[in-house]
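A, B, C and D are the chain letters, set down in written order, and residue numbers restart from 1 in every chain.
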Amino acid sequence: MTTLEFKDVTKRYRIRGTGDFLALDKVNFTLTSGKTIALVGQSGSGKSTIAKILTQLERATSGEVLLDGKPIPRRGRALRSYRQQVRMVFQDPFASLNPYHTIRHHIERPLRLDKVVPNEEVENEVYRLLERVRLEPNDVIDRRPHELSGGQRQRVAIARALASRPSLLIADEPVSMLDVSIRLGVLNLLADLQRENNLGVLYITHDLATARHFSDEIMVLNRGVVVERGNADDVILNPQHAYTRELRDASPNPDKHFAAPGTTSPRS
Amino acid sequence: MRFFLRRTAFYLFTAWAAITINFFLPRFLKGDPVSAYIAKNQGLISPDAAAALRTLFGLDKNQSLLEQYISYWKLLLSGDLGRSFSKGLAPVTDVIASALPWTIGLVGIATIISFVIGTTLGAYAGWRRGSKADALIPITTFFSTVPYFWLGLIAIAFFATTLGWFPASHAYDKGASPELTWDFIGQVINHGTLPALTIVVSSLGGWVLGMRNMMVTVMDEDYVTVAQAKGLPPRKVLINYAARNAVLPQLSSFALSLGFIVGGTLVMELVFSYPGVGKLLLDATNAKDYPLMQGLFLIITLTILVANILADVAYAILDPRTRQSEA
Amino acid sequence: MTQPETAVMAAVADPAPRTARKQTPFTKFAQAFSMFRNGKSITGLCILGFFVLVAIFGDLLAPYGPLDKDFSALRQGPSSTHWLGTTHMGEDVLSQLIYGTRGVLVVGFAAGIIATLIAVIIGVTAGYMGGWKSESLSAITNVFLVIPALPLMIIVASQYENPSLLLIAGVLALTGWAWGSRVLRAQTMSLRNRDFVQAARANGEPLYRIIAVEMLPNLIAIIASSFVGTVTAAVLGLTTLAFIGVIPITNLNWGTILFWAQQNGAFPDFWWWYVPAGLCIALLGMALSLINFGIDEYVNPRLRSAGERAREMRKKGIKVTSSVTAVRTTPTSGTQPDDGAASAPRHASPAVDLDAVTPVAPPAPANPDDTTAR
Amino acid sequence: MTLDKNQERIVTSDNLLTVSNFSVMYDVDPPVEAVRDVSLTLKRGEILGLAGESGCGKTTLAYGIQRLLKPPAVITQGSAIFHDKAGEDIDLNSLDEKQMRAFRWNKASMVFQGAMNALNPVVNIGKQLGDVFTTHRPELSRAERHEESARLLEIVGVGRDRLRAFPHELSGGMRQRVMIAMALALKPQLMIMDEPTTALDVLVQREILQQISDLRKEFGFSVIFITHDLPLLLEISDRIAVMRAGKVVEINTAEQIYHHAEHEYTRKLLASFPSLTGERGDFVRGTSSVETGA
């Protein structure tokens, strides 16, 4: 059971000319393996900053990030093992794979880097990983990213993240750039992988509907502050915080709209 | 405002760098022709002129490098770049002052003309691509790969000597002295046409190609489609929407490539024996007139720096984003 | 909103998904130089190849030694014995040209290599590191851009009685690396923020691997084009220096030929003495520019399609510059005449119309249904 | 506050636009049929949603009707007849360039998706608004043009003080409002909106949609609303046309599409949007088929 804890994490950006911009203001949450938390917020709410701090692409200005109680190491072997535990899937399938390298290279790199399996095993492990994300290995292994569709590319990105057998997976808007009809397919895949490997998943999104259906808990973020947190259904069906309510009512919701024909929904 | 602050900081740094390079240039190059010259012309050079020369060329070993550097700056600020050997010990600054206007006139104006014509042709080629306008690219590229001086020689051989349309050299007829009369100005234009023409033709290729590629990219932007959808006349779409945006990167590359272009076109003055800074530099090199060479290099660099500043100011005027976003 | 519908893109790219082919080292190498696989680059490379061969086999090809004097043929026009005529001292112009090729290419490529090395080191480092380090390196680069190349070369070269080839190449490189470094820095900075580099960093890849394995392959095209650019500048610089006489005649190159021609009154009569040398410089410059065009079009496919596609469409009667979509209703179904752009009245000078071409998309994913909603 | 659409029926009976057997082909090698034999009619004052995934031809159709598609696009078949309020019918395919330019923005205008890129970055928005008037209303004096542009910015809530502002100084939402003001300038009878709110976040999107609905009531123009976001269309449009691979697979009122979608693809599209407040695990319309990914 791995736990990753955000303790009063604040992040300040110094922007030349316009002074400081407070991206995160004392954010607290805990991510544990075996559970999916959705982090919901609009653009500029700071949700991507949280992802960057989790993957140590950026450092928090103040506050602590603890993995199993220990603060994230700055560098060296300890940082390497941290990074092996916490992996990320990026939003844009076109940009998250190196256009020059083949798919085989993308999956092999983490395997060799973290020596997950002995060298002679690497080939089979790559095939196994591709099959687990429901891709036909022979079809894609020697192809380059631009020869695959968006959905296939995102599955390769997921396979790459799983290669080092992490316990926590950060998915930053994993489906928002995919075609509508294949979004649920990829989200279902993430849900299955989460159950099979007892992963802790942080699902970052601006879409309340998918957040509700694919996570146990929802955290609502507004301008760097967690305004509400709770069980997925509670947060959506009876939100406590005004911002959450405003967000839910603004999201398109045909069911409510067509629930009782003729009744005019409350105009706030 | 911030944008200008950053740019001026950069220019000051560049000016300082140019001066420092000029300071170190004679020091790390071998040989010491200057003191030999001073020794030879003991009587002719006044003591302080000799002292100035020694500072400029770091000849007085007893002073530390830093002291030499400081006194070097003092000399510069007082406008004393030493004495020119080949020009009868006249102060370098005066020698340069007489030649600089010619160069600015010829090379400066020709480069600007070439930029303007090149950009317009490029915009047209980008706009009408696929038509015969595409032939513009190979022709102008050929001329830009041709060495400047060779093109000058051919132009002289053909237009001046054989056809006799233009005088082959100098900035004005022999015997005439520079004064502000129409006749004299006529002579200057007559003499300047051929060299200016060759500069324009040989540096045109870069601008045409750059602008055409920019036009092709810009025309796929959304705001051009919006302009079309608004039913605006094609000419307005071409100028106010497409060209206006395509010219920006063109202008910034113009500013930065001035060093290369002006450096190259100075040779034109040798071919046409035009009395500018370029010819002065080449004569000084042959005459091993080191103080004049050092002074010339410094002045040429600073002039290009000024041209750079002007180009940047033009860019800031054309692109509002630089003004607002930085402030 | 990109041009509507990616359906077009799918069809333009190869429709049938190829079966997985083994990525042998050769295909990896070929893939790295795929930028040279287009018309313009190939022609450029052929001309360059010709010059390289001439440089290598100069001694065998040249009918005479470069300085052999044939006093029976002073200032002779092209003849059977001297294909390109002779100089005022009876030297064979063709031989001088052939021997000169080596001088030009050796110095040109040496300068190109040194300059590109400096450009890659400074440009990529400045691009990868952020903050003041990057700013200061970029300021230094810009200083070298502002400093006039030729005057600096003249001063440095003139200090030496007999500057070696390497020194000349070094001076040319010193004044030629800045442009490449600037372009590389910009490209590296954009690559650095791309997700696949961030992913590599997040996976714990060491720095050298991130630069060498992840970023460098994507920079090859830019490095190649800055190398070609520097060689072109070096060739022009070298020949100009030789023409001015700053470089002594021991280093024979096309510029020296022109120096002699100009000194000994070849202009305008003895055209065979000065025309070929100038043309060779131009031809070499043209070849290098063609290679650069090829690389530009590889890096930005939209440029390639712009010209070719527009020409194709003109043949099909589609007025490329029309800002209004052409209507070509086949006579059977449509009632209206086949009008629209095709039969727009051809007044004397067609109004300058906005020319627009559907961009050739980056090679699109295999099956259109699955394309991403952009 | 959800959009309240069925307050009073402003959808009139007469048609504004009749599109019949409309086809668009990209004349590349091999040629691509982007729009295949589409026929639909748009009533005056109606909001018609055009739904479908990327690559289905919805944008090509909308651009094709106004002949805004850049070469190598070619209209190979069919017609688009615009029934002008002033009585006569305009066959868009038969207009030459000059007539087409006169028609554009005057009768039908557009709001584009890429708010960031749809405005000319180097010209202030006042001038860009003014462009429309100088071209289509040359009789207006400078002062009248300035006043008219200022009034437009007031209507859309940007405020007249922003006339001299540049696009990069405005937020995404503000820029989209400027686009709407521009589209409104000549009081057109038809506004085509290409994913106008996709790039905006939900709260701003709702404000913009509310504004579009209010303006429609006030000016009575019809709207063709293009988006892949089917739930959004179900809420705001009168009728919806679902497109796939260049064809309209189904066209019906929003209620019919929601309750009794006939075509299998429409159902699949509906199933791709989980219900916000419906049962967990079920999808937009209560069917519990857990859809497996492609």
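A few remarks follow.
Keep this in mind: contacts are C-beta pairs under 8 Å (C-beta built on N, C-alpha and C of every residue); 3 or more make two chains touch, one makes a residue touch a chain.
What you see is a predicted model; the values in this text were computed from it and never measured.
Set against the Cα centre of chain A, the chain with the most distant centre is B. Of the two chain pairs examined here, A-C and B-C, the one linked by more C-beta pairs in contact is B-C. The distance from the centre of chain A to the centre of chain C, with each centre set as the mean of the Cα atoms, comes to 43 Å. Chain B and chain C, compared by their mean Cα positions, are separated by 24 Å.
A separation of 33 Å divides the Cα centre of chain A from that of chain D. For this pair, chain A with chain B, the centres built from the Cα atoms lie 55 Å apart. In chain A, the residues that reach two or more other chains under the touch definition are 151, 179-182. Residue positions 53-54, 68, 70, 100-101, 112, 114, 117-118, 228, 294 of chain D each touch two or more of the other chains.
Multi-chain contact residues of chain B (touching two or more other chains): 222, 228, 233. Residue ranges on chain D touching chain B, taken from their complex, read 66, 68, 70, 100-106, 109-110, 112, 114, 117-124, 131-132, 135-136, 166, 168-169, 182. Against chain C, the residues of chain D that register as touching in their complex are 21, 24, 26-28, 30, 32, 34, 53-57, 59-60, 62-64, 67-79, 91, 93-97, 100-101, 112-114, 117-118, 194-195, 228, 245-246, 294. Across the complex, chain A is touched by residues 1-2, 4, 6-7, 53-54, 201-203, 205-206, 228-232, 234-235, 255, 258-259, 268-269, 271-278, 280-281, 284-285, 290-294 of chain D. Note for the complex: chain C touches chain A at residues 17-23, 31, 194-196, 198-205, 213-214, 217-218, 362-367, 369-374.
Across the interface of their complex, chain D is touched by residues 42-44, 134, 151, 179-186, 188-189, 206, 208-210, 212-213, 232-233, 236-237, 246-258, 261-262, 264-268 of chain A.
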